[in-house]
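Next come two complexes, and both contain subunit A; in the first it sits with subunit B, in the second with subunit C.
Then we have the complex of A and B:
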């Protein structure tokens, strides 16, 4: 059994742009995910970080085949699942499950909790009747729900409890891989901790592998073994969690980390924030070369011309890779953060950034 | 008479808040489904409950129509040429003997109205069931699959709604002859499109919900998502639509029968009775009034009840 459970190889997902003017020859695409590669090892938690619209959720839906990928491969347990038909895919869905962000939208308001959590058993023909009920209640207990609430409706639960229902549904068939798409970002901070601890306990108990998508860096730091940082559909830095938080190499990573709130006013005052200029460029016409170059304080002509690839830097561990021509050295000051490339050379950004 | 303006567009899904309303402050908190809550609201609606009582009475009349015949001693087809007709051949008015008078052939109007209830209710209920079934399946299919399937079904809906049902009915009856089946077929054929359109619109928004993605990521088949995940979310609208469609179907049947396109004589039918009474309305008011009143009371009861159902299933309508 290989160490790698899931392997994402150069996955690309483009959405055609629906333009009313050129409806019949739409040649524009939203480059939602544009060549993402990484491995997920058995039993680890890979944090997937990036701001809204960078392609995290799209990537999750590509991996679970809720969306067909434009090109690339998704290899689960040694098997390429990217080209399987939905019929061939069905048995493999037991192996990986999604936990959704919105605990209100992800549960059918018209169905009872027992029936929602019983869905996986019904769909895969695993258990029927009393046996199904027994296993549903067992799963409810595992995620900290009262099994007596079997006949309740989702509306009768709080946000945190609802998210537990979502976890129970995903967990019901004992998948190997759980993809958590911002599972706590819609919850109160106090509830976030409960759900995160639940996920951690379940991981220990069942040897689960997680892809944990989030935009909250503190949460990611807490749960992840490794972190992949995305910007505009690409992974710009992939490293063990402490490496990212101690010695991030990508200027974008440094800018993000400098924005994490510090709950200590004295330390927070001392900290120098890196303020990025401009907005995220349109994913319809992403910048040439390195996608971060129009906003990057270190950008040079080479960043406009040539796209950097993920590679390990000297002095880093081999598994700490970054896609940058001019990675940040430890101690380097980026706070004078104006783009190094003159404005006239930058790609003109459209006003509207569409959120795929 | 139109199938298109039943007006349930406002009855959007009852919303997630519906389940949180709870009963009294004492005792064990009992989880109640949105259906149970809707029923509780419906029970408080006086007009709807009166209508429901009338509907139940009408149903009882339909079931026990033969009792009217045996009680009065007048068969539904029986012609009383001596007692039931005046010397000049005109029908006799309401009397001790004929409570609601007689028709132009000396038959007891009371008995014929009782039997006519059967036809009206049968066409109303069966026609509506067929309409809702076809409309729901077509709307679910179009809305869920989208793409070319949606385009094709949406165009069929548009074409169906553009056809003149009366001309179509006349043409059809002139070919195959009048019968109850043809009436139901015409009603169903021209009724489903409006339901399908409403359902399709709802499905278009529901299919984007995350719980549909969750079902897909679990590996649920399309039919399962359509009928187990989506259908319960449009069921409220379907039920509202159905209760409001019953009177429309009853009126359509009466209209077709009035024009001689419905149930063939001598079967007792309200629309047909009104048609037969039409040349005599100046001499025999009871002949047109009582079948007309039966029709109005029935459709009014169903309409008021349908309004009540809509209010009960969608509490937000009251607040608008």
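Then we have the complex of A and C:
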């Protein structure tokens, strides 16, 4: 049995742009995921981070075949699943499951919890009748729900408990891979901690492998073994968790980390924030070369012309790869860096006037 | 005299299921140029609190005072309140898409705001001011973008446009209700920076509502920690983080992944927040409190100074001096949590 459970190889997902003007029909695409490759090892947690619109949720849906990919391969346990028909795919759905962000939207409000969690058993013909009920209640107990609440409706549960229902449903058939798409983002911090602990316990108990998608970097740091950072459909840095948080090489990774609010006033006051200019460009026409170049403080002409590929830098572990022509050196102060590219390739901050 | 002073504010809503006690006796004050953070989880009453100050809670039973520049906002007529809102108090909401009108151009909405309160300003002058404001909050090419519709703006730009609108009449007080919650961290950093820059420029007082203690650490001067509609702890920023007294504040901090070393178990607060219709007796936090004592379920602890510091208030029966506290609870001795 190989060490790698899931291999994502050069996965591309483009969505055609719906245009009301027929003449321009489908000549444009949203480049949601554009050539992403990584491996997920058995038993590890891979954190997938990035800002809104970077393609992390699309990627999760591509891996689970909720979306068909445009090109590339997804290999689960040595088997290419990217070209399987939905009938061939069905038995494999037992192997990987998704947990969704919104514990309100992802549960049918008209169905009882027992029947929601029982669905996987019914669909895959695993257990019926009393046996199904027994296994549903066993699963409910494992995720910290009271099995006696079998006949309740989702509305009778709080947000944190609903997320436990989502976890129970995903866990029911003992999948190998759980993809958690922002599982705690909608929860209050005290409840968020309960769910994170639950996921950690279940991983230990059942030897689960997680892909953990989140935009909250402190959560990702806490749960992940390795982290893949995405920007505009590409992975820009992939490294063991401590390497990303201590010695991030990509200027975007540095800017993102410096923007995370620290719940510690003394450290918060001391730290220099790298404030990025402008917004993430449109994924319909992503910038040439390195996609971060219009906002990058270190951009040079080469970044406009040539796309960097993921590679390890001198002095880093081989596992720590970054896609950047001019990676950040340890100790370098990015707040002093200024781009050396033509203004047309750059997003420029407007002049600040003193009086409105 | 403080710019805004809230005294013993109570807000409740009669509903079919019973009376929802959303805010129960909150008092605080904010001065010009100061940022007050209001922290709490969902349902702690923090949004109702600020909406009441702005006169936006219809159908609520309200008691207490909200003195703004020496006048009570709660007893003002609708007409007076309307002139105060906008000109003297600006407001930013969490969701910038639903608080901008989708069918009107962004610039038009700012111009409307200016002209509604200053009828003598000409359209051209108001438009020029709208452009300047958009530039001030960092919208690129404001001369062109002023004629965009909200859907043509990104989330961060919309929130900055909201700030521009809220600041258009130079209000003395800005109330920001979760202004960055819907935004990515890099955009959040931009928006917080804009707010701080505006504050320095115009000496605005800011009441910032958030559930994110990180945001409090970054920008607040002092903070109020709310739970179940009541103030649990009220102190300067550093005291909230380093000399905290209330177990709920401690629980909030301990739940944060940033406060725990990597891959260890987090320390969540057990249980769920209570229903605001059927509150537990005594201290509202006692069913979830790790230090609960017999007294906590019987008597409501008063909001009183900690270690004789009149600016650090806590509503908890735990001893108020560090030494006495250490004697009662060895665990609580070194309360400041090292990250």
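The rule we apply is simple: the second predicted complex is superposed on the first by the 335 of 356 C-alpha atoms of A that agree within 3 Å, B and C clash if a C-alpha of one lies under 4 Å from a C-alpha of the other, contacts with A are read in each partner's own complex, and residues count from 1 in each chain.
Definition applied: contacts are C-beta pairs under 8 Å (C-beta built on N, C-alpha and C of every residue); 3 or more make two chains touch, one makes a residue touch a chain.
This one's a predicted model, so the numbers in the text were calculated from it and none came from an experiment.
The superposed arrangement places subunit B and subunit C next to each other on subunit A without a clash.
Of note, the Cα-centre angle with subunit A at its vertex and subunit B and subunit C at its ends comes out at 80 degrees, rounded to the nearest 10. Counted by residues of subunit A touched, the larger count belongs to C, out of subunit B and subunit C.
Using the contact criterion defined above for the overlaid structures, shared-chain residue A:120 touches subunit B, although it does not reach subunit C.
When the two structures are aligned on the shared chain, A:311 is found in touch with neither subunit B nor subunit C. In the superposition on chain A, A:10 makes contact with neither subunit B nor subunit C. Look at A:100: by the touch rule set out above, it reaches subunit B but stays clear of subunit C. Put simply, the nearest alpha carbons of subunit B and subunit C end up 8 Å apart when the two models share chain A.
Put simply, subunit B touches subunit A in their complex at residues 15-20, 31, 33-34, 209-211, 213-221, 224, 228-229, 232-233, 235. On the subunit C side of its complex with subunit A, the touching residues are 41-42, 129, 132-133, 135-136, 138-142, 154-157, 167-168, 184-190, 193, 197, 201, 211-218, 237-238, 241-242, 251-253, 255-260, 262-263, 265-269, 272-273, 339. The touching residues of subunit A, counted against subunit B in their complex, run 61, 64, 66, 89-91, 93-94, 97-98, 100-102, 104-112, 119-120, 123-124, 149, 151-156, 166, 169. Taken in their complex, subunit A has these residues touching subunit C: 51-52, 158-160, 188-194, 196-197, 200, 215-219, 221-223, 241-242, 255-256, 258-268, 273, 275-276, 278-280, 347-356.
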